[in-house]
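A, B, C, D and E are the chain letters, set down in written order, and residue numbers restart from 1 in every chain.
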Amino acid sequence: MKSLFMRFIPPFIVAVLFLLLWEGIVVVFEIKPFLLPSPVAVWESGREHWDQLLQAALRTGGAALLGFVLAGTVGVALGSLLGLSRWLERGFYPPTLLLQMVPLIAIAPLFVIWFGFGARSTIAATVVVAIFPVIASTLGGIRSTDPQLLELFRFHHASRLQTWWKLQLPSASPSIITGLRVAAGLSVIGAITAEFVSGYTGESAPLGSIIIASVQNFQTALMFAAVLISSLVGFLLFGLVNVLGWLVLHHWHGEHS
Amino acid sequence: KPSTPPPGSEGPARVRLQLNWVPEPQFGGIYEARRLGLLETDSLAVDVRPGSGGISAPQLVATGEVEFGIVGGSQILQINQEGGELVALFAVYQHDPHAIMVPEGSPFQTIEQLWQSPQATIGAESSLAFIRALNEQFSASEQARFVAYNLPAFRAGRQSASQCFMTAEPVTLELEGFRTRVFSAAKASGFDPYNTVLVTRRSYLDSNPEVCREMVDAFTRGWTSYTRTPEKTNQLLSELNPAMSLEAMNLTAKRQLPLILDAQTDALGIGCMTSDRWTSIAERLVALRLLDRVPDVEALYRWPFGAQPSSEDTD
Amino acid sequence: MVSTDAQSSAHSPVLSVQDARLVYPNGHQALDEVSFELEPGGFLALTGPSGCGKTSVLQMLAGLLRPTAGSVRVEGQDPSRVDGIACCFQDPRLLPWRSVGANVALPLELAGVPGSDRTDRATEALARVGLEQVADRLPHQLSGGMRMRVSIARALVVRPRLLLLDEPFGALDEVTREQLDDELLRLWDEDRMTVVIVTHSLREAVYLAQRVVVMAGSAGPLVADTPVEFGGRTESTRTDHAFNDEVQRVQRLLRSGGGG
Amino acid sequence: MKSLFMRFIPPFIVAVLFLLLWEGIVVVFEIKPFLLPSPVAVWESGREHWDQLLQAALRTGGAALLGFVLAGTVGVALGSLLGLSRWLERGFYPPTLLLQMVPLIAIAPLFVIWFGFGARSTIAATVVVAIFPVIASTLGGIRSTDPQLLELFRFHHASRLQTWWKLQLPSASPSIITGLRVAAGLSVIGAITAEFVSGYTGESAPLGSIIIASVQNFQTALMFAAVLISSLVGFLLFGLVNVLGWLVLHHWHGEHS
Amino acid sequence: MVSTDAQSSAHSPVLSVQDARLVYPNGHQALDEVSFELEPGGFLALTGPSGCGKTSVLQMLAGLLRPTAGSVRVEGQDPSRVDGIACCFQDPRLLPWRSVGANVALPLELAGVPGSDRTDRATEALARVGLEQVADRLPHQLSGGMRMRVSIARALVVRPRLLLLDEPFGALDEVTREQLDDELLRLWDEDRMTVVIVTHSLREAVYLAQRVVVMAGSAGPLVADTPVEFGGRTESTRTDHAFNDEVQRVQRLLRSGGGG
């Protein structure tokens, strides 16, 4: 418990420092509110539009979470698949990179056509944006499995599946966790960007649309409120990954303390 | 996924209308119509979908994802060339609202000065039709520096001028306390396409003329009423789009009137379109190398509705 | 895979190495002209100076390395296809995230032995090496010698037809070591399996094996392949004279091989 | 040489298959050009606008490369810094995540104010987008250094710097390489997205602006040409990382073969 | 740091362990009431059943573990602050990406010894363990015994005042082993350093050390701490009777300690 409490002191301190710094910059450099509003202003407009923001956060957060989970599972699966053979890796590793490099705006129409409006295409976009790091880190982790242990498994005529499940996946897990951390951040930004291009549907705007709209209308404070809330979603996912990582790794700190 | 019941079957036709931006006076007449119940009759049920980024609406109509959409005038010609089959039914803006704005105190008095000044930094998507028209008109000097549209940057003085919707950005900025001078692009270049045009797919028009007719009626009455008394609907809009203040809504509603109502609409009625206008738009686009050839403009729009028999001369 | 009928190949040698040469990727030639055979149920000790290629030989017998030239056969086949071989590597090779018990059970797991059965046999194997009480610890919580013993238990848990041991007892004190020697002999008696053990202790080699193979310091033919002769093994064996003389004899063979 | 040649066969095959599939889909499903043009059409318009695209690619590629290199170096440095202590990690790891989650459009104005339009802003944005994976993977790699070797260094009273340079960095390098692979893709997309909001749009338009423009004019073929070229830039960076990785890792395949 | 004047603390013990207890994080008590001292220039052999805590003791002397209770002092200070200690761990602990030579040179590198000097001393140290010809190989290209010898060379490369060896020769054949024993004695003679060696071979312990400490199987006081007595060491030592009797004596001590 105490240690758990201790865990949260440093980030808290840093957050406070961060806000102070922010306020400081705004005040000292007299930065115009339409460029960078003061934290106070952001807080104000956050309170003002609270209900709307909460709604939006739930909508966007839900999509991001789902996309993240999908990206995580599919990513690990694909990464493991590529880990099966050098040929597969050389052939299909680069193409997966494409996923990350094609700007959403280019394929947004296709998305809307294929996945319809709102959540579905947002989720799809999230997956596309967040999956590569998971693939890469899974593959990387699998590739750096201790060759001596691989030899051990080979000696016991272990099936590919066994080798993967009992050896490669466990020893890749630290690397996979790292990949998921990256994916957590990406899935939030992915969801929001998707909402920029295909989001605002029906009466209820998700965070992405709120951000775009408030940019257009110089409601910078509102925009930053929305951005901060979206990043809270991100931190939530991040925390999720850390908990997962702790569960997976804490007990064999012989390797990873 | 709502779909149109075959003629004769029961229940209203459930159709979707895709806007190309968030709720604001540019779509005031539509929300007015909805407020008046014209979009929820026993024969028609319209699901109005606000847009975002303004990118996907034309594709969505062209692919049949939605039955109706609001798009820009030149977009119709451009996407049809790329395989879309859009037909314009109602042109809200008779004139192109695109404009170039400069800060009130700016030394630049005309677009021409801007375009030919070596120092000007212009926040404009220089490949958009209306910018190209201006370039062609004023043979932009080599040094003229076009940068991405970025309103805060303009506001912060990093751009000497910025493209805008004369009904949108200037209003917001004014309420922000930042006064601007606005130069209509259409007036400067003579390229004046319709804007905020109601479109549908040709195949849909052919198979559901009644639905389209009722839609057009709703538009006509909605816009007529809105151009007279926008207040109630503006109230509604500012609820749908909290990012835009009621004040801004009202001001915009006022500013856009001259774009919607002019001599021609007095003669032919609100939302009207003519072959001459369409032809000149198309010809200009060809000149700007944004269109390969002038299409058959008759197939391009339908006004007044039902004047021509449906399904005819479609290439 | 853990059946114990060695009868199938009772008369042909269970294990035959012919003119094996091994060259490692970096061009280093580890073995050359190595040849020997072993009957089913035989017990062979392999010894030689450090770096002479003992582990390499064992890895070929385990099917983990292919000879660059010559042939290595187990029960007449390519070793990598033979089941029923168990191997205790020179280093423990334990999965760091698995408890000791789970590590020992691994071979059974991979062979698809049902769970309950697994744990029983794992505990039994651990008991053989005197570690039943640490079954729940993680490898990094063990001492070096304990780790080595865990990996021995992992080799013993499948009752193999052919058992390969690479310096299994090097890290153990004399007492434990002698206990395990006797444990190993008991197993060998019970299961009549074939055993190849690499050891640096000639006393151990002579005590355990029916035959001792001495390898040359540098890649080349074997220095010696000699049967062990002394009166039957008894309680007092380790101290009696016949035994010590035999050890001396092998010692001389080793030194003659330009060891070290 | 031969092996090097072999390396390029699989991706080549896959690329060809990919193009065939693409063409196939377009033909079979009669997909309209404004949604998804056929590879041939893309090739055509690519040839047509070749000079412009080349110019743009150089501009964008240069920015992306620079941003990537910056993100790589700074990222490794920061990641190593966080690796120094649990407190630093807990305090400053989450905030770095913010970098990745704040949509560019939200901070683009600030960028423009600080770095002006064009390359400088693009580079800055690229760094912001690409740096987190590098930080994360560096930290992850450092955290999973073999504790026994750490003990060895502690025993020899090695300084922090020595431990980092001679032990932690080498053993983190596979993980860092993975991070750089992710960063490679991100820096391209980062550069392009930045150009959406802070690029030149006139004669000297970078890829990002070309993409936006062609989207708005339904020049889908041109857009895809631009996207493909931008991803070529990405593959270039990716290849760069692989070469780097090979140089760093090939000789101790005892650990990573 | 590699200066050799042990005079500074010539009269006080260079090394003293008092009532040391060690409890590992998981609650396992590895050591209890362990006490012994060692004079400068002394040579002490530490032995005992597997898992009795030898490595733990060495790690405390190396300053890598702190006793839970009691005190461990080297030259009167906290070991972790003392320079001039060298340690050969039970496992090689080589950096996989460094050539053998670079691995051996590591301690010098960390101590800031200039490059040219480093390589010379590294090669010299490698020569001592008979591996000069593999200086350019990578660790994974070595045999188990060779790896262990590399790590011995790494311990010898800094001429330490206190040398800690944890079963350094366990993985080596008798010939090499005896050569290294003698090499070690020569070094000890030259540098007059203090040596603590953990070994399971009582013959080795008796042959090398002035004193043998026997640890109990389970955490508790030492079983024995006995000086080694037999006629001066000579060529024939390993075979003469006085020597073998002494070995027997220690052997009895070990077994009495309920070893294994």
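The rule is simple: a contact is a pair of C-beta atoms (placed from the backbone, for glycine too) under 8 Å apart; a residue touches a chain by one contact, two chains touch by 3 or more.
A quick note: this is a predicted structure, and the numbers were derived from the prediction, not measured.
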item	value
Count of contact steps on the shortest path from chain C to chain D	2
Chain located farthest away, centre of chain E as origin (C-alpha)	B
Distance between the centres, which are taken as Cα means, of chain E and chain C, whole angstrom	28
Chain centre separation in whole Å, for chain D relative to chain A (CA means)	16
Interchain centroid distance [CA atoms averaged], chain B/chain D, Å	38
Length of the line joining the C-alpha centres of chain B and chain C, rounded to whole Å	84
Two or more partner chains touched - positions in chain A	35, 105, 109, 113, 196, 212, 215, 254-255
Interface hub residues of chain B, defined as touching at least two other chains	55, 59, 63, 152, 156
Shared-contact residues (touching 2 or more other chains) in chain C	91, 141
Those chain pairs that satisfy the touch definition	A-B, A-C, A-D, B-D, C-E, D-E
Contact set on chain A toward chain C in their complex	148-149, 151-158, 162, 166-167, 170, 251-252, 254-255
In the complex, chain B residues that touch chain D	55, 58-59, 62-63, 75, 78-79, 81-84, 121, 124-129, 140, 142, 144-148, 150, 152-153, 156, 158, 290
Chain E - residues contacting chain C, complex	24, 26, 28, 47-51, 55, 90-91, 130, 137, 141-146, 149, 166-167, 170-177, 179, 200-202, 251, 254-255, 259-260
Sites on chain D touched by chain A in the complex	7, 10-11, 13-15, 18, 35-36, 87, 90-92, 94-95, 97-98, 100-103, 105-106, 109-110, 113, 132-133, 136-137, 139-140, 143-144, 146-147, 174-175, 177-179, 181-182, 184-186, 188-189, 192-193, 196, 208, 211-212, 215, 223-224, 227, 230-231, 234-235, 238, 253-257
Interface residues, chain D side, partner chain B - complex	32-35, 108-109, 112-113, 116-118, 195-203, 205, 209, 212-218, 220
